[in-house]
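Below, chain A partners chain B and then partners chain C, in two separate complexes.
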Partner chain A sequence: MYGDLGNKLVQYAKRTQSLGFLPPYQTETVRGVTREVRDLDKDIAQRLEPFGGSFNPQADQATACTLLVNHLSIRRNKRCLLAYHKSRTDKLEELAWKGFDVVDLAGQQVASGNAGSNLGSADGGSSSLSPQEEDYIRQYSDLLAAYKGQWTDIDLTGSLEPPRDLFIDVRALKDAGEIQTEYGAITLTKNSQFYVRQGDVERLIAQGYLQKLG
Partner chain B sequence: MDIDDILREVDPTFDSIPVETRDLQALTRAWIAERSAPELLDWPADGLFERINDRIKKQIEKVEEMTGDMDPKTNFALIVIQTELERFKFLVRSYLRARVAKIDKHTLHYLSTADLRLRLSSTELAYATRHQALLHHHYLSSFLSSFPASLQNLNDTSGNISMIDTPDVDTAVFIRLLRDVVVRGKGTDVDGAAAGQHGDIFILRWSDAKGLVESGSAELV
Partner chain C sequence: MSYYDLDVILTDSEKVPCKFELEVPDLGYLDNNPSQPLKAGTSVNLPLWLAELLALTHQSSTPFLTLSLPPALGDNVLNALKADPRAVPLRDQSQNFYGLGARMLDLFEEPELGVVLRRSFVVRAGEVALHGRKAGATGDAGSAEDFMRGLEEWEKKLYRQAHEGAKGHKEWMDGVKK
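Take a look at the complex of A and B:
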């Protein structure tokens, strides 16, 4: 039936909103909906053909009704597609803001187990993004970087929690190697605990290397 | 105008508040307003952010200078300055992010008229335009290109539904009055009005509060 596939997409979109990661792109469904739109459009053209551009809805109400339903279905499908794609791009943008390196998708999949990000696909090998989405997020990251470049001192992607203390207690969840701070270098080995400046380690907390205590 | 206002005008300390403090107040106020208003507000035009940026830069330099000093007294001052700096940065960051979130949500709406465009700073405008172009391109390459040409637009208004989403200006906001004014609000059945005094707090629709806030009679809280 018309719209069934579109509905499916909306349900996917809704589900994606509450997920922490991005499920695989529904290439087949999207293609199906687009095909439906094209078929409906063809149908409209065919039905209108015999009238030669002088169609009078009053004279032939049955055809008028069919045309209306077809038009509405097309529009609905378009809305479904837009909603589906928008919810996915929103998710991608969110990840980009959080500082995940979405651009490096190939690397993500290899590291998906330990990097704390679930962008890597479940079925292994193939990406959960469509090629267009990869393209999009790559360009969006560039755009974001450019915008951030205007505010170098503020670090726009930093924490949105109001800062309370300058220094915080952190515990290292994984070996992260040595990091440089204003007070010298510290070596982060697993399960070790530090009292460090929040600004220095924010990135590492976001990436899941460190855990904030207390 | 009541006695407080008159007193404030002759108060010698009023003008002596340093510009730094006033900038901080302006920033805090802009931040609060931006976070509670459903709509994007005007970008502060008087170079507030240029001044703030300069000051942040200066403080960072100062911190770098002071780090070399091992004197415990400087160390303490350093911590105070750094904490202050972090808070300042947070304000700016949160403010900018709140704006970007609004712009992202209703990009086409804010780009649609010249009037609305003026609310964005030039960098925000560039960002919004580029972002919208990217999105459109993404839709086009994903599915729109195989649509009939008449349906490829993103700003269709046919069928009585506009594709451009606009912010809901009827969301409730809290305002604090800065002088005595009559507050008018549109109701479902009848419109209401209340005589407000300086310092009173009201909750009303943003569409009703907007005039008061813009004229400086009230501030968002």
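Take a look at the complex of A and C:
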């Protein structure tokens, strides 16, 4: 029946609401729903054609009813599509605020996308974001960066927990190259350990390059 | 309650029994019979998003179809709820039981239904909060587990909040002591 595909999308969105990552974009289902909308629209146009723009619902109730059913199905599909995409953009914004890097995100998604592919039909694409979503999150991150840039002494996306120590022990989980700190440069190679100032490496911990010890 | 609310959208897809009041040649597919016209008087189960407006749209005096209450809100369930709200697994009736109830009360004049639902929610909420607070603390499985499985969406949300509230409170207390 019309609207079933849309329902599937919303159920999918609902299931993934509590996940920490974004599952792959449901390209096929979204395409299916939009196709349904186009078919319905075509059907409506066809039905109205013989009336030449002077359709009187009172005179032909059966047609009026069919048109209404088609119209409602289109509206329902639209709502399902919008809700699905909104649930995803909300998640993306949340991730952006948590300090995930966009490029990072796309790469990370591949790994988690494969692990979670039993959740839905993974399309086997390289990223679990649709091209539009990638564009969206890139621009959103730019906006966020510009917004944060107004206050140089406060990191808006920083941790709300007051630090217990200024310096902490960290271990590098991946190679991250050289980073500059107030006390000179350190080179992060995999599995090496450092005693560094927490403020310097907070972002790297959030991004998963470093692990806090102790 | 927003346009984008997933729960509201899912509540809208709950099926309600309807009876068509006029013959429509092209809607046979609603009754799983695409080649036949949909006869007047045919009973079909339609999702709320479709049925509601079809029932409310008046062309001349008769609406396209008439709605009736879904079985989830029927007499059997109501009587069981009146007897003991805690003993009814609402989830088996409908995943969005209260959401559906609220929508139906918008459409039907059923003061008694409202009273029963409200009372059930209050009685069950106490139980939900109780389980939410002590979840993971004691191993009293059995009846609690049965009850938990019968929670519908609103109650599940309530349960999660009760659980997180208790957890947050405990964390805060621990922080204060230090």
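Throughout what follows, the second predicted complex is superposed on the first by the 138 of 214 C-alpha atoms of A that agree within 3 Å, B and C clash if a C-alpha of one lies under 4 Å from a C-alpha of the other, contacts with A are read in each partner's own complex, and residues count from 1 in each chain.
One rule holds in what follows: a residue touches a chain if its C-beta (ideal position, glycine included) is under 8 Å from a C-beta of that chain, and two chains touch if they have at least 3 such contacts.
Because the structure is predicted, anything quoted here is derived from the model rather than measured.
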Superposition-derived comparison: chain B or chain C, residues of chain A touched: B
Which of chain B and chain C A:R38 touches, first, second, both or neither: first
Touching partner for A:G199 - first (chain B), second (chain C), both, neither: first
Chain B versus chain C as contact partner of A:T89, first or second or both or neither: first
Chain B versus chain C as contact partner of A:A185, first or second or both or neither: neither
Chain B versus chain C as contact partner of A:P163, first or second or both or neither: first
Chain C-contacting residues of chain A that also contact chain B: 72, 82, 86
Interfacial residue positions of chain A with respect to chain C in the complex: 1, 3, 7, 10-11, 13-14, 17, 57-58, 61-62, 64-66, 68-69, 72-73, 76, 79-80, 82-83, 86-87
Sites on chain C touched by chain A in the complex: 3-7, 9-10, 12-13, 22-27, 29-30, 47, 49-50, 53-54, 57, 59-60, 64
Residue ranges of chain B touching chain A (in the complex, touch as defined): 53, 56-57, 60, 67, 79, 82-83, 86-87, 89-90, 92-94, 96-97, 100, 104, 123, 126-127, 130-131, 134-135, 137-139, 141-144, 146-148, 151, 154, 159
Complex contact set, residues of chain A against chain B: 30, 33-34, 37-38, 41, 72, 74-75, 78, 81-82, 85-86, 89, 93, 130, 132-133, 135-136, 139-140, 143, 146-147, 150-151, 153-156, 158-160, 162-163, 165-166, 182, 197-199
